[in-house]
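Look for chain A in each of the two complexes below; its partner is chain B in the first and chain C in the second.
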Partner chain A sequence: MLLDVRDLHVEFRTRDGVARAVNGVSFGVDAGETLAVLGESGSGKSVTAQAVMGILDTPPGRVTGGEVLFQGRDLLKLKEEERRRVRGAGMAMVFQDALSSLNPVLTVGDQLGEMFTVHRGMSRKDARAKAVELMDQVRIPAARERVRQYPHQFSGGMRQRVMIAMAIALEPALIIADEPTTALDVTVQAQVMDLLAELRREYRMGLVLITHDLGVVADVADRIAVMYAGRVVESAPVDDIYKAPAHPYTRGLLDSVPRLDLKGRELHAIRGLPPSLTDVPRGCAFHPRCPMARDVCRTDVPAPHEVSATRAAACHFWKECLNG
Partner chain B sequence: MAEAILEVRGLHKHYPLTRGVLFRKEVGSVRAVDGVDLTLRRGETLGVVGESGCGKSTAARLLVSLERPTAGSITYRGEDVTRLSGRALKAVRRNIQMVFQDPYTSLNPRMTVGDIVGEPFDIHPEAAPKGERRRRVRELLDVVGLNPEHINRYPHQFSGGQRQRIGIARGLALRPEIIVADEPVSALDVSVQAQVINLMARLQREFGLSYVFIAHDLSIVRHISDRVAVMYLGRIVESGRDSEIYDHPTHPYTQALLSAVPVPDPRARARRERIILTGDVPSPAAVPSGCRFRTRCWKARDVCAEEVPLLAVPQRLRGGLAGHESACHFAEEKRVVAPTP
Partner chain C sequence: MGRYVLRRLVQMVPVFAGATLLIFLMVNVMGDPVAGLCGDRQCDPATAARLRAEFGLDRPVWQQYLTYMGNVFTGDFGTAFNGQKVTELMATAFPVTLRLTIVAVLIEVVVGVTLGVVTGLRRGRPVDTGVLLLTLVVISVPTFVTGLLLQLLLGVEWGWIRPSVSSAAPFGELLLPGLVLASVSLAYVTRLTRTSIAENRRSDYVRTAVAKGLPRRRVVTRHLLRNSLIPVVTFIGADIGFLMGGAIVTERIFNIHGVGFQLYQGILRQNTQTVVGFVTVLVLVFLLCNLVVDLLYAVLDPRIRYA
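So, the complex of A and B:
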């Protein structure tokens, strides 16, 4: 397995107490596989990505437990110097907001070239040539001219391509993309997702896609891990989950998406709101919003039950949920 | 078919681009809205979809008279709203209210919920006598599913979905006939979006409201709309009943837009055809000649650069399900969304 995250815990110290943003998260990604980490705001999906990548803001954040095995090595045990070498060459990240992730006073070519001068010790001239090559690869038209331009001269979709170019520059084994298309328009979204999928195939990279969009997930993912209040509540191959969810939260999410055959009828909304991370409900965190909740849900945290060899659900009543 | 309650004809809004400080010179203009025709019928929802920069938010602001159009008319109850001023304009504004996109910035953080929802009564005192207002605000909070006891709380004490309910309560305060909602759920989480959509649908039935629902999310627009208008670079490119637009689109832009929407069903992956447009939307300060979509269109020919296609029912398609308004020289039906079994 390329990336194997085991029982990861991350805490934030805030004025209102300790927020357990990530509370025992486990998942794995193989080479050439796309895993979607699906969750709403505050579910801990982005913090998980940052902890894996080693770019968590510390303080206030702190990894308090677990392992992040990347190509067999536990990244959490590495020194910062060694970790930096893994970042970029081994794994890279694509952020949501390309405009604020790029340096506004450096040309796009300089920023792309920096990857090669810093990590590969290339000369500036060679690095510039590599930058043009990369821009061609992510299909930015007129790369030779645009390499001298600044980020603000690029459109949103083109900026996201620059971010992707930067991520694949050193041919990493794994890419983590945190909501890579959320800020983009639908037609541009499709272009960028297609590009990511193609590059993944070409380089046989693993891809971790952090998203809240059930549609994007269905389009590109092989497997899904659904997160709620800092935990993975269900993980499964994508087809299985859409066919029959084994967790009431997953079911609620799927039902709340407007569908053509339900037009005019009430949408199935999940009642209530996601919990605050400083005040997660006892027992199963989803129980106050769950239509299936019973007494045991209020007291016992459900362990991940094995639904099949490739599937797990953290619900006391996963069998009932699975059978509708 | 219900009567038309709001009719928009040839609506334009151009913002001048100037150069120089002392001697201001107009060097061009941003054509944000550039000839829009819309009809809203009583009790119906008109969905307006388009990508960022297509002018849909400017159109919304024109509809509620927050801005004055450069040209064109907006007819409400037989009167052209764009020519009204003073008391007559104020009376119209009372009946056409707006719900804004971002519930985080559209509510004043220093005002209590009671003051926010009751503020419309300060501007239109005739809507509720002074002694009545507090009670009316409590009623409104109850109607949108908020606890009336929270009347003295501040916006930051509410979640995003609850804040949007506050915005909706404010929009309802004056009992308007029409509500223009500009991306009312796009800032909300998926599980909360559905709650707000259900609320809006219920309020429409209860109060007989007519909605103009502006959004970029095609599946939500389809869910709530009776009629849909697709906007591109300041113009409507296609409009019709929701099934006409979604099941029988004839404009290439609509087809591309529909095919790009991610469908939350992995089985649909194989069944649907994807049209991936090249390039980005041109700037509204430099609109292409002729058909403004031609720079990204796979069907474009010479005529598209010369003649502006008008929004009309294409001759060839009359009578069929594809027979609805489409602004394309080569309009033809193409199914892109697989029918749901």
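So, the complex of A and C:
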């Protein structure tokens, strides 16, 4: 397994108390596989990604437990200098908002070339040539001229292509994309997603796709991990989940997608709001919003139950849920 | 870019004219310029009248101003009443003050930015609180107190430096005066850099730089500092003009024969030509500094383009 996250815990110490953002998350990604991490805002999916990358703001954030095995090594046990070498070269990240995530005062060529000068010790001239090559590869037109331009001179879609080019620069084994298309126009979204999927195939990279967009997930993901209040509540191959969810939260998410064939009917929404991370409900964190909740849900945290060899769901009543 | 510079230069003309006219009027209101010529004694009326005619002081003020400006543009700043050419005074005073300003700005940049980065990255820690308190003290205490105190301690009591600067005013002797002159601005530069660094530290592009696996040093200098220095550069640029003219106190304390010293002497002896001439040049320096700052702005932040 390329990336194996086991029982990861992350908390934030704030003035209002300790926020438990990630409470024992486990998931795995194989080489060449696409895992979609699905969840509402505040479910801990971005924090998980940052903890895996090692770019958590510390303080206030702190990894309090678990393992992040990448190519067999536990990243959490590495020294900062060793960890730095993994970042960008072994695993890379694509961020949501390319405009704010790219440095406004450096040219695109400088920011791309930096990967090669720092990690590979290339000369600035060679790095510049590599930057042009990368921009060609992510299909930015007139790469040779645009390499000298600044991020604000690019359109939203082109900027996200620059981000992707930066991520694939050193041909990492794993890419973590944190809502890569959320900030883009719908028409551009598909192009960027296709590009990402194509590059993943070409380089046989693992891809962790963090999103709340179920449409994107169905198209590109192999597996899905659904997160709620800092836990993975269900993980399964994409087809299984769409056929029959084994967790009431997953069911709620799927039902809340507007569908053309049910046009005119009232939209389905999960009632209530996601819990505050400083005050996660006892028992199953989802119970206050769950239509199937019973007494046991208020007291006992459900362990992940094995639904099949490739599938797990953290619900006391996964069987009932599965049978609809 | 070229058109922008041209437009700015043209805009300077009315500002320059207005500022100099104001100074000219103010100096004329200050008192009878001829009175200063006779020293402490009362001038004999016949001599005074002759001098007035000689210097053109019997003509209306606006005519005096136009004549003066006409002369300035041919490089003639007039003659001080003691017979020395004002340009000669400038030739000795400006290099001295320029050296003093260079020392002060270097201290501001090197010490101020360094302290700002260190405290900005460690906000709320003891280093930060300590430096912050120190800057507050420096800002609150007037320059002449800091200056005299340091002069007394380092120069007189401990004898580390010469308490007064020789007339050649080499860089070495200007270190302490430079520090005194820079002290208040230094405190502001520290605070400005600190806030800017602390603000940008959490920005998305810094997170990206870390995620790229860049060494911490490179993240701070190349990505964080470059963006954080934009407001600091504006401040320092505007400060250069201020330091050039505002060194009166420091130059007096350390007996430096620079612009501040000459201005002080000029005002004391009601030496109109000296005062107007020096201030005219200072106005020019100030305007040019501001232009350079605005141009530097575009260099530091490519999102700003002048057309």
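Assorted remarks:
Everything below uses one rule, namely that the second predicted complex is superposed on the first by the 324 of 324 C-alpha atoms of A that agree within 3 Å, B and C clash if a C-alpha of one lies under 4 Å from a C-alpha of the other, contacts with A are read in each partner's own complex, and residues count from 1 in each chain.
In the analysis below, contacts are C-beta pairs under 8 Å (C-beta built on N, C-alpha and C of every residue); 3 or more make two chains touch, one makes a residue touch a chain.
Model, not experiment: these values are computed from the prediction.
Annotation for the three-chain superposition on chain A: chain B and chain C fit side by side.
More residues of chain A are in touch with B than with the other of chain B and chain C.
Look at A:Pro258: by the touch rule set out above, it reaches chain B but stays clear of chain C. Once the two complexes are overlaid on the shared chain, A:Ala92 sits against chain C while remaining clear of chain B.
When the two complexes are overlaid on their common chain A, residue A:His119 makes contact with chain C while staying clear of chain B.
In the superposition on chain A, contact of A:Pro104 is made with chain C only, not with chain B.
Of the two partner chains, chain B is the only one touched by A:Asp213; chain C is not. Of the two partner chains placed by the overlay, neither chain B nor chain C lies in contact with A:Pro291.
Superposing both complexes on chain A places the Cα centres of chain B and chain C at an angle of 80° as seen from the Cα centre of chain A, in steps of 10.
Contact with chain B, but none with chain C, is seen for A:Met158 once the two complexes are overlaid on the shared chain. Of the two partner chains placed around the shared chain by superposition, chain B is the only one that A:Glu40 touches, whereas chain C remains out of contact. In the superposed model, A:Pro60 makes contact with neither chain B nor chain C.
Taking the two complexes aligned on chain A, the least Cα distance separating chain B from chain C is 9 Å.
Common to the chain B and chain C contact sets on chain A is no residue at all. The part of chain A that touches chain C in the complex is made up of residues 53, 55, 57, 84-89, 92-93, 95, 97, 100-107, 114-115, 118-119, 150, 152, 166. Within the complex, the chain A residues that touch chain B are 40-41, 155-158, 185-191, 193-194, 212-219, 238-239, 242, 252-254, 256-263, 266-271, 273-274.
Interface of chain B with chain A (complex): residues 51-52, 159, 161-162, 189-195, 197-198, 201, 216, 218-220, 222-224, 242, 246, 256-257, 259-269, 274, 276-278, 280-281, 337, 340. Touching chain A in their complex are the following residues of chain C: 202-205, 207-215, 218, 222-223, 226-227, 300-303.
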